[in-house]
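Each of the next two complexes has subunit A plus one other chain: subunit B in the first, subunit C in the second.
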Partner chain A sequence: MFIGTDRLTHTYMPGTPYAKKALDNVSFEIKQGGFALVIGRSGSGKSTLIQHLNGLLKPTSGRVFFDGHDLGQKGSELLKIRRKIGLVFQMPEELFFSETIFDEIAFAPRNLGLEETEVQTRVIEALEEVGMEAEQFIDRHPFQLSAGQKRMVALAAVLSLRPEVLILDEPTAGLDHSGQKILFKLLASLNKKKNMTFIICTHHLDQVAALADQVLVLQEGRLVMDGFPQKIFGRRSQLIEMGLSPPVTAEIMADLAERGLDVRSDIFNLEDARAEINRLRRHRVK
Partner chain B sequence: MSRSITLGQYYPGKSLIHRLNPRAKILSLVMVLILLFSLHTYEALLAQLAVALLLIWNTRVPFRYFLRGLRPILYIALFAIIIYFFFTSGGVVLLRIGFITVESHGVQQGIFIILRLITLVLFSLLLTLTTTPLALTHGIGYFLKPLRYVGLPTEEIAMIMAIALRFIPTLMEESQRLMRAQVSRGADFETGSIFRRAKSLVPLIVPLFVSAFRRADDLALAMEARGYRVGAVRTRMYEDTIMPLDWTVLLVVIAMVAVAWILGL
Partner chain C sequence: MVNRSEIIIEAKDLAYQYTGEEEASSPALSGVNISVHRGEYIALIGPNGSGKTTLLKLFNALLVPTNGEVRVEGISTFDEENILSIRRHCGMIFQNPDNQLVATTVEEDIAFGLENLTLPSAEIQKRVGQVSSVLGLQDLLQQAPHMLSGGEKQRVAIAGVLAMQPGCILMDEPTAMLDPAGRNDVLQTVQHLNSEQGLAVVHVTHFPEEAVMADRVVVLEDGRLVAQGSPKEILGNTSLLHGLGLQSTAAVELASLLRQDGFDLPEGIITNRELVNSICSLEQTD
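Our next item is the complex of A and B:
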């Protein structure tokens, strides 16, 4: 068991008229090096879930585990675990408070109590990881950057913890198409090269669907689906019924099938879709 | 902490008191408070306390919310007991410890004062627990209106109060979100000396200010886009009309005050 939950339930403001069950008996597991997507409508409990995975909330009942530890425990154990699980919040650039990009990224490693030379190494390493020239950027003010660059710095500010797991909440919110593309390319390479485990909450499945090897679907606090992307995105009508939009490529394939073409129904990324359509065309020509 | 601040004190419900017009409630409360201060017999005070308890029962708001509201006056009550019990003379001596005596007049008056205080707070809680902060602000704004003639921008004051109330939960939520986010980056807000802790608040306060200013900017723009002008007369989306029920309640309160005064209670 690497990271996951066991019958996790969370109730906000218990015992008041405003009490709300945000998570209800959620159990799942994500393997080391896995790339999981958490999808669901707003208010389905995604944000609550990922905060649990970072030990920021205490379960009302159930357990959250990571690498053999229970995150529900108090004390320094939690702090040790937390530095291995990086959490990138929605609109993470809103957290900026430093006067230079260096200080911003150095915040996390300094909190770990590292030597200043080690901090410096980590800041430069994190900036290069997100594809930014360290020398060019470290002395600049974070607010001078473009939206895409800010997002990358925010990501670097978490990567400087050298986490084993990276959790991202709506990482593409507010980014343009090319920004999204760059971001996902980066995540994919971190996943492959460093075997970093990813858990991503998102509404924009088109670009990220191809990277995933596991999809979790939340509905009103309950985990209603958990499995391979092929399996989940194959249940198109069910997803639509839940108010979720499957990847556009899956939609196109379904549309083609509806028009009487013999296409596979389990396609949800651009490369496979292209190959399948080419296969069809060749078939036609013959 | 966040729970008590987030939504004011309002406890949702559909009782008679919940449905009353906030203006009628505020006016009734003012009259009842004046009445409470003019009462000087135990019978009348206990009758008022009974009325308060009856109304509390009617609201269906759990009593522990009222108890929580009473907590702040605990120390005042304790202070009153000490002052009255030990320093008021007259009547029969009930207790003698060295040169300190507790005499019956003091005990009587002390208990009277505390009962009055409790009744007073209970009535006030009846208002704040059954009225949304926004309705309360509108109600207060209504009674401030006459002050416009002495040059006070009452509409604007009401607007400021309403906006402030509206944004308290938003900012609370925001600060909680920021706090969690910085904690996940290894920030520590809880341990260390006071100086250290104050310094550790910087990563929280700077983003909070940035977002508050941005929100204020957005709000100002949105308000102007919808035609808000300083000094203009505003109409309300929901006009709260005074219903027959409100008149009835007001008349009952006036009758109560009148009876008390005529009988000299």
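Our next item is the complex of A and C:
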């Protein structure tokens, strides 16, 4: 078992009239090097779940595990483990507080008590990892950057801890198409080359669906689906009923199938849709 | 009836330069000429940093131009004494509704702006009643705004603006933080207000699917207005959009790939339905 939960339940404000069960008996596992999407409506428990996965919240009952450790247990181990699980919040650049990009990224490594030379190594390494030339950027003010660059610096600030797992909440909110493309390309490369594990919460599946190998669907605090993307996105009417939107290419293919064309509808990127429609034509010509 | 030849917002030779930057940076906007007509729905698109938000803020007198002039219902935004009147004619909806909800109940929140106008309380009650029924908020009036879903919060924010009886609403990525159901909820509401009540809309978005519903799509790049036209003209022009690092709707993108493969698809396909219809009719005639 790499990272996951076992019968995890979380109740906010237990024992008060405002008590609310945000997670209800949730069990799943994500393997090392996996790329998982967590989807669900607002209020379905996504944020509560990811905050358990790096120990920010403690279970009301059940367990959260990572690499053989139980995150719910008390002790000094937790801090050490938490470093291996990076969490990037929604609009992370809104939390910037430093005067230079160097200091922004150096904050976490310095908090680890690392030597300043090691801190410097980590900052430069993290910036280059996100495709920004260190020399050109370290002395600049974070607010001088474009929206896409700010998001990359926020990511570098977490990568400087050299995490094994990266959890991102709605990572592309507010980014334009090219900013989104650059971000996902980076995540895909960290996943493939460094075997980094990804857990991403998002409402916008069109670009990220093709990268994933697992999709978790939450509804009112319960895990209602867990499986391969093809399987989950194939259950289109159920997703729509839950107020979720399957990837738009899957919608187009499903509409074609409904009109009597013999196409698969478990398709969620443009190139696969193109190939499938072409296959149909070749099939007919034969 | 709405007289669509009337102009609500007129911007002439507009330029804006943010101050405080160390280096002489390029202006956020320059040489922009644009008019918003009564009852018109404009989608404003462009890469991050192209000046979309700056333009909205200039329309709303949150910023005043460095060069050129903006007139709202004939009043110049330089006219400080009439700034409140400009904002009443032309209300703003931000990306995150949490940033613009201020009161402890939905009812008080909708009434907040009206109370500041020192209207008689009977008139305030009448208007709150009207807008809450238009926006389907009647049953939520006594609720605390922070307990609502994202889509509901955004509808409350719209209600607060609508209660001021504006001729135009400005929306800066109003669905970026919402789940798919919340997003549909807000988009349908805005479409309804536009078509039934003749409210003009200027809608900044990164989602090409949202630009489809506009009367006119306006494209900004590096602070300049580089193209404008109907959704079919602009969204159908993939070379323009790709050149700016933007993408069109999935239907446009897929149609353009299929045309490269020799599919004889007509021009002007921008929605899923149009694409599906065209592919099906090809299959039938072949």
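Throughout what follows, the second predicted complex is superposed on the first by the 282 of 286 C-alpha atoms of A that agree within 3 Å, B and C clash if a C-alpha of one lies under 4 Å from a C-alpha of the other, contacts with A are read in each partner's own complex, and residues count from 1 in each chain.
The working rule: a residue touches a chain if its C-beta (ideal position, glycine included) is under 8 Å from a C-beta of that chain, and two chains touch if they have at least 3 such contacts.
What you see is a predicted model; the values in this text were computed from it and never measured.
Asker: Going by the contact rule set out at the top, does A:Ile138 touch subunit B (first), subunit C (second), both, or neither?
Answerer: neither
Asker: After the superposition on A, what does A:Ile199 contact: first (subunit B), second (subunit C), both or neither?
Answerer: Neither partner.
Asker: Looking at the overlay, what does A:Phe97 touch: subunit B (first), subunit C (second), both, or neither?
Answerer: A:Phe97 sits against subunit B, while subunit C stays out of touch.
Asker: Applying the document's definition of touch, where does A:Val119 land relative to subunit B and subunit C: first, second, both, or neither?
Answerer: A:Val119 sits against neither subunit B nor subunit C.
Asker: For A:Ile3, decide between first (touching subunit B), second (touching subunit C), both and neither.
Answerer: Neither partner.
Asker: Please tell me which partner, subunit B or subunit C, touches more residues of subunit A.
Answerer: After superposition, C is the partner touching more of subunit A.
Asker: Considering only the touch criterion stated at the top, classify A:Leu127 as touching first (subunit B), second (subunit C), both, or neither.
Answerer: neither
Asker: Please give the residue numbers of subunit B that touch subunit A in the complex, ascending.
Answerer: 3, 7, 11-12, 177-178, 180-188, 202-203, 205-207, 210-211
Asker: Touching subunit B in the complex: which residues of subunit A?
Answerer: 13, 16-18, 51, 54, 56, 79, 82-83, 86-87, 89, 92, 94-97, 107-108, 111-112, 157-158, 161
Asker: In the complex of these two chains, what residues of subunit C are touching subunit A?
Answerer: 21, 46-49, 95, 149-151, 173, 176-183, 206, 209, 245-247, 249-251, 253-254, 257-258, 261, 263, 272-273, 275-276, 279-280, 283, 286
Asker: Of all residues in subunit A, which touch subunit C in the complex?
Answerer: Residues in contact with subunit C: 40-43, 90, 144, 146-148, 170, 173-179, 203, 206, 243-245, 248-249, 251-252, 255-256, 259-261, 270-271, 273-274, 277-278, 280-281, 284.
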